[in-house]
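Before anything else, here's the structure in question.
Per-chain numbering from 1; labels A, B, C, D, E and F assigned in written order.
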Amino acid sequence: MISDIDTIIEAALKEDMPDGDITSESVIPPESISRAIILAKEKGILAGIDVAACVFAKIDPHVIFTNKLEDGSMLSCGDTIACLKGNSISLLKGERTALNFLQRMSGIATLTRKFVQGLEGFQTRILDTRKTTPVLRNLERYAVQVGGGTNHRLNLSDMVLIKDNHLKIVGSISEAVKRARNKVAPSVKIEVETTDLEEVKEAVRAGADMIMLDNMSPERMKEAVSWVDGRIPLEASGNVNLAMLRKIASSGVDFISVGSLTHSYDSLDISLEFR
Amino acid sequence: MISDIDTIIEAALKEDMPDGDITSESVIPPESISRAIILAKEKGILAGIDVAACVFAKIDPHVIFTNKLEDGSMLSCGDTIACLKGNSISLLKGERTALNFLQRMSGIATLTRKFVQGLEGFQTRILDTRKTTPVLRNLERYAVQVGGGTNHRLNLSDMVLIKDNHLKIVGSISEAVKRARNKVAPSVKIEVETTDLEEVKEAVRAGADMIMLDNMSPERMKEAVSWVDGRIPLEASGNVNLAMLRKIASSGVDFISVGSLTHSYDSLDISLEFR
Amino acid sequence: MISDIDTIIEAALKEDMPDGDITSESVIPPESISRAIILAKEKGILAGIDVAACVFAKIDPHVIFTNKLEDGSMLSCGDTIACLKGNSISLLKGERTALNFLQRMSGIATLTRKFVQGLEGFQTRILDTRKTTPVLRNLERYAVQVGGGTNHRLNLSDMVLIKDNHLKIVGSISEAVKRARNKVAPSVKIEVETTDLEEVKEAVRAGADMIMLDNMSPERMKEAVSWVDGRIPLEASGNVNLAMLRKIASSGVDFISVGSLTHSYDSLDISLEFR
Amino acid sequence: MISDIDTIIEAALKEDMPDGDITSESVIPPESISRAIILAKEKGILAGIDVAACVFAKIDPHVIFTNKLEDGSMLSCGDTIACLKGNSISLLKGERTALNFLQRMSGIATLTRKFVQGLEGFQTRILDTRKTTPVLRNLERYAVQVGGGTNHRLNLSDMVLIKDNHLKIVGSISEAVKRARNKVAPSVKIEVETTDLEEVKEAVRAGADMIMLDNMSPERMKEAVSWVDGRIPLEASGNVNLAMLRKIASSGVDFISVGSLTHSYDSLDISLEFR
Amino acid sequence: MISDIDTIIEAALKEDMPDGDITSESVIPPESISRAIILAKEKGILAGIDVAACVFAKIDPHVIFTNKLEDGSMLSCGDTIACLKGNSISLLKGERTALNFLQRMSGIATLTRKFVQGLEGFQTRILDTRKTTPVLRNLERYAVQVGGGTNHRLNLSDMVLIKDNHLKIVGSISEAVKRARNKVAPSVKIEVETTDLEEVKEAVRAGADMIMLDNMSPERMKEAVSWVDGRIPLEASGNVNLAMLRKIASSGVDFISVGSLTHSYDSLDISLEFR
Amino acid sequence: MISDIDTIIEAALKEDMPDGDITSESVIPPESISRAIILAKEKGILAGIDVAACVFAKIDPHVIFTNKLEDGSMLSCGDTIACLKGNSISLLKGERTALNFLQRMSGIATLTRKFVQGLEGFQTRILDTRKTTPVLRNLERYAVQVGGGTNHRLNLSDMVLIKDNHLKIVGSISEAVKRARNKVAPSVKIEVETTDLEEVKEAVRAGADMIMLDNMSPERMKEAVSWVDGRIPLEASGNVNLAMLRKIASSGVDFISVGSLTHSYDSLDISLEFR
């Protein structure tokens, strides 16, 4: 079907290969067939194997791409992720683009998994944010899922999220929630960013469907959790790192959102080697 | 002019706003005007200010975006990068997308600058690689330049780069260079990846225009530099980190290429605040 | 900004004018200037005047298009909707395409207004559906708003709406709601289609955020309203016509959704006349 | 082949499903297989069955779509139009978009058939107009054919059609026809809109290839038919309804054009039901 | 307005400049301003000056492009066609693409003019054919007009033209014309390719609107002209060159179509020189 | 894979067939099957056979297209180039577009071959230029290769080529080369246009990688060849025709570039005939 991921893969191939691969086309015989493997060179979580397969399929539908591991697998250095067989030039053409996707997506999944493991024993879930790489949001959100995170379903058209910058203009949470409720479709949820317990109370009373606790101390969060008492979900937010994670979770919030999952991950070291 | 960067910004805006910004449109009066600033929240190098400006220009040509700093500026926490004035809803619509570009590009420039500073006193230059984010290569290459790096002009159509995977199939460097020279246009340079001095010699004799020294020790690189004696440029490559940088440079190579510049940078912390 | 409506207008112009307007270009002197008016020829509600203006702006930015009435205005036969002045050929080129948009959108607004007026005295609101003209949904939803209706914010990616066809496969409402809640982002609302009070109860207990009462009698709806008691909104659905409207509303439901608003309206009679 | 209809179907699917069908994907097991039928729920003429099939094929090429009836078939309430078997999620994804096309196209065919039947016993043929839904003209013209109508092949680039607004500027029919004949390719026909017999005569003498009789009484049309005497075809036009149809036809005109065929039809009631 | 010519110019610029003009950008100071002229270096007819202007406008709207001559002007070697002033890099970027359009279009206009002059004293007009450069048909048809030729309005969707390959399958001209008349819209003309007088007669009797005389001798054409006697236009066709032109015209045919106008012209020598 | 040639073929088909082939569709029975051949009608070199095949494949994948000759084959009048079998309407739809590509590409290959043959006995190779048909450069460059020419790999982003217009602004060759070397990637070659021996010397000393000798006499070229002595390649340029070719080559230059290969070729006469 018409799919943005297809469009992105095609654009990536065109970016890397506007007029073919002049090296491979000039030095490799066109009928040459090779075998190659995709190989993990460090520990982590695999994500994006289907995207990598799709890169080769778009270059040459005759390349045989065989997964050895599935998205979500724990990788050790030296693990074979996939085996490829096909036209040598086709394999060489796809190598870099496939790895560029695979290494980034696996990097995100790996980092997400660390946060998720940091919450072992808690019900609290890890949310991503809109701080994604422009144009690649869907791929990155998928990688967060693979790592065990939950997507904060949120582009500007999806959900109402009333933040500090809105409140500076509107004046009060109650007024902002009221305006939103009157304008948006009944299918849309309204979340409000709050900074203290009074704002939490105002938001709940105004009819918010979800509340973000922005840069609150775990103690304050606890008060909010206790006051809200399960009526609507609460999300902790604000430069969360692994160290603080369990303290925040112990406040009882439902979600912790973490921007760095998608804005500051390291690519996982993965390579493609000809046999 | 027709420009890929325009296309990417438009796609990023569409990704974040397929049907408008329902929060701002429902809570902010349409005629509301605001002032805001873009603010550095940590130390680093600014890159991408024109991309950020362009994001707002595409949303609303009446937004006034005034640079306070230029790309390449050293940022300290608290520095004002730009001032904005315009329709409040337009400012809110562009905030996240503009920052998503600006934080990533500044992250790359900041990391590149660290490598460039690590080479102070040497002639050696830092090169980027093709390990860029799919579809965003041009923006990332630009950020590398801003940080003081040199672009390794290289997509698969640009230059011949004969690597280990090619050599496994062709058999010898001499044969590979010969085939390439016969096929490609006279305007195209040929680079060869080598792993020891014998290969360097074979590549030079075969007529290579540039040589990559892959994962060689600084000592071996020194021998290569001495043997080649300035006839063609030499590039050191292979998981280079800041620690090893000066050792490699002291071998006398012309270039050191660094994949992590574009595959494992952290976004720089930058925010937009309404006044 | 990048806008789907622009794309549609451009496609419509290309559809009607793949190689120019050969009549006007061959019989009208290129420098000829004309005045024309857009004229209501029957009673109704105006919608789409900005789309009509945009059609002419795309053909020729020098055409002066002056609104005499705004969207939402009540039209009588003979009312002047807008005045145009500009190159005669440009006016002739845009005439049919502008009217094709304007007549349809005004037709929808006119029909919607009838339903809204039918509910005078009730709190109940009229919702549209996904039964819109392919590719023109946004324009039609806007026309519904102009007519006083509320958009049922609903494409397949926006909201969970569990319908009879889903239930046939899943087996029970409780199970379906549970699965949805576990999978979708916390920002997404869940609506359930029900056919009797037992199902309404099951849906509420399972945690549904909204309930559709499908083809229920007004009496049954009343029971549902009474049992739910304002906890979540209720939507009446199923081949609703003007005759039954008040009976349904008197059950106390929050919303009535009406497919015919967008699938079976008549174009309003509007024409463009040269002076 | 490159086909506009493909583009429209893809755009319609994207409109309804920018990020998948979150209901079906979260509640239905991915391996679930279902059977469903497309069912007529009122009397009419079927049109668009291939478009409906194409909707499902684009979503999932493994869906088996079996026509039970062909375009042009007379439908009764309860008739099975097609049987589908395939992945349950795929069927649910395509349901609304397929019906949105099918119901509209069948609505047009049904209305056209009424006009065509109204002319039984006459040679006169029913023509459509350019009053089509923007972007969907080709589909609507096809539905008119299915209903037994004839397409008035007419976009602004196809044929010269000199109308009242042109004549207000040019001054005379003779001059307008002369200018057109000198400018347009010899392959292009010239039609002239006329309002009385004198204009008909002037148009024929000027060399028009076809004449439109605009809002004339049947008596006047009869005079025109008699004077023209078969030299070129005559088309009656102007808010024609079913009631007046036979009177107009009895004047002997060759064609009657009817705008409402495509601007004011009702969608035919058709549904998709899982078994 | 949305225009295919815009799309083509943009594609041409992208083809020549996928990543900028690295020469000009690296050697010319970005603020440098230059003056340049476009200069005829051989005799001919100018065509395409607006396309050339548009090339520069797309690169840089601040370039001032001043026509000294209009399309259709007779050029002598040394004539100044246009003066340009603007950013030096912008002028250098557009030079080749602008000339590539201008030289080709002027080449076509020049060749067409020769054929048109060859017919001096005759009423017969020169027609182009569908033997145009793929994707550039509109520009080439325009250049034919500039040279004084008439466009044979003809793509496969525009007009019925029954040729030898159709007749081999259908069997007879009468049958082919009859089928076409029943199927196509009343607005469409029907032309028939004929090879002798009998076929001409059959075509006229069957109701053809225009006739092509394919590879007939001037004598036979004369007979056809005499028999048809002005009822419908006649077109001579078949590898016509300048030498035979007047002989053919003296047969009295209305049109002579010439494929070489658009398939075998020489580019006119035109250059851009910096002052 | 994503391929510009696909895009161009699709655009060409759409240009020629925006709404189908109304002749074939109205006169040929839809189930009719035909055989046809593509036939050379004059001497030359075949180029573009795969493009022609692709035209038919896009229209109808069931057409069987069998090459009888390969690109590069010497054609005589009457040679069968390919045999086709398939749906008659599909064959008729593709005829003109396929030939429009094939005749032009074969025309270029034929002209190139003449230049290449003119150099028999010399090492000198024929280069093409950027004087190609807008949007069709890749196809034309391929045709040059088929004819035995070498592509001058050169769009504005590929290579630095410092020409007279650059030198007028920069002032000196040495300065221009220096600026370029500092700015462009190490992978990029630098060529300089020169007009006498002093400039050649200056360019070589400045570090140019290749030199263009513009409009020099063969004697001067000889001096340049002798002075450069094989260090870097030399290219002769400037309105080269067949007559002067051997004189230029005897100077010992490595390349001669010829603009007319792609700007002033004649289409080769090739036709498609039904059997």
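Remarks
We adopt the following convention: contacts are C-beta pairs under 8 Å (C-beta built on N, C-alpha and C of every residue); 3 or more make two chains touch, one makes a residue touch a chain.
Here the structure is a predicted model, which is why all the values come from computation and not from measurement.
Across the assembly, the mean Cα position most removed from that of subunit B is the one of D. C-beta contact counts were set side by side for D-E and E-F; E-F has more. Spacing of subunit B relative to subunit C, judged by their CA centroids, is 46 angstrom. For subunit E, residues touching at least two other chains, in rising order: 18-19, 158-159, 184, 188.
For subunit B in complex with subunit F, the residues that touch the partner chain are 127, 150-154, 158-159, 184-189, 191, 209-210, 233, 235, 254-255. Contact residues of subunit E toward subunit F in the complex are 8-9, 11-12, 15-28, 32, 34, 36, 88, 92-93, 95-97, 99-101, 103-104, 107, 130-137, 155-166, 168-170, 176, 179-180, 182-184, 188, 260, 263-267, 272-274.
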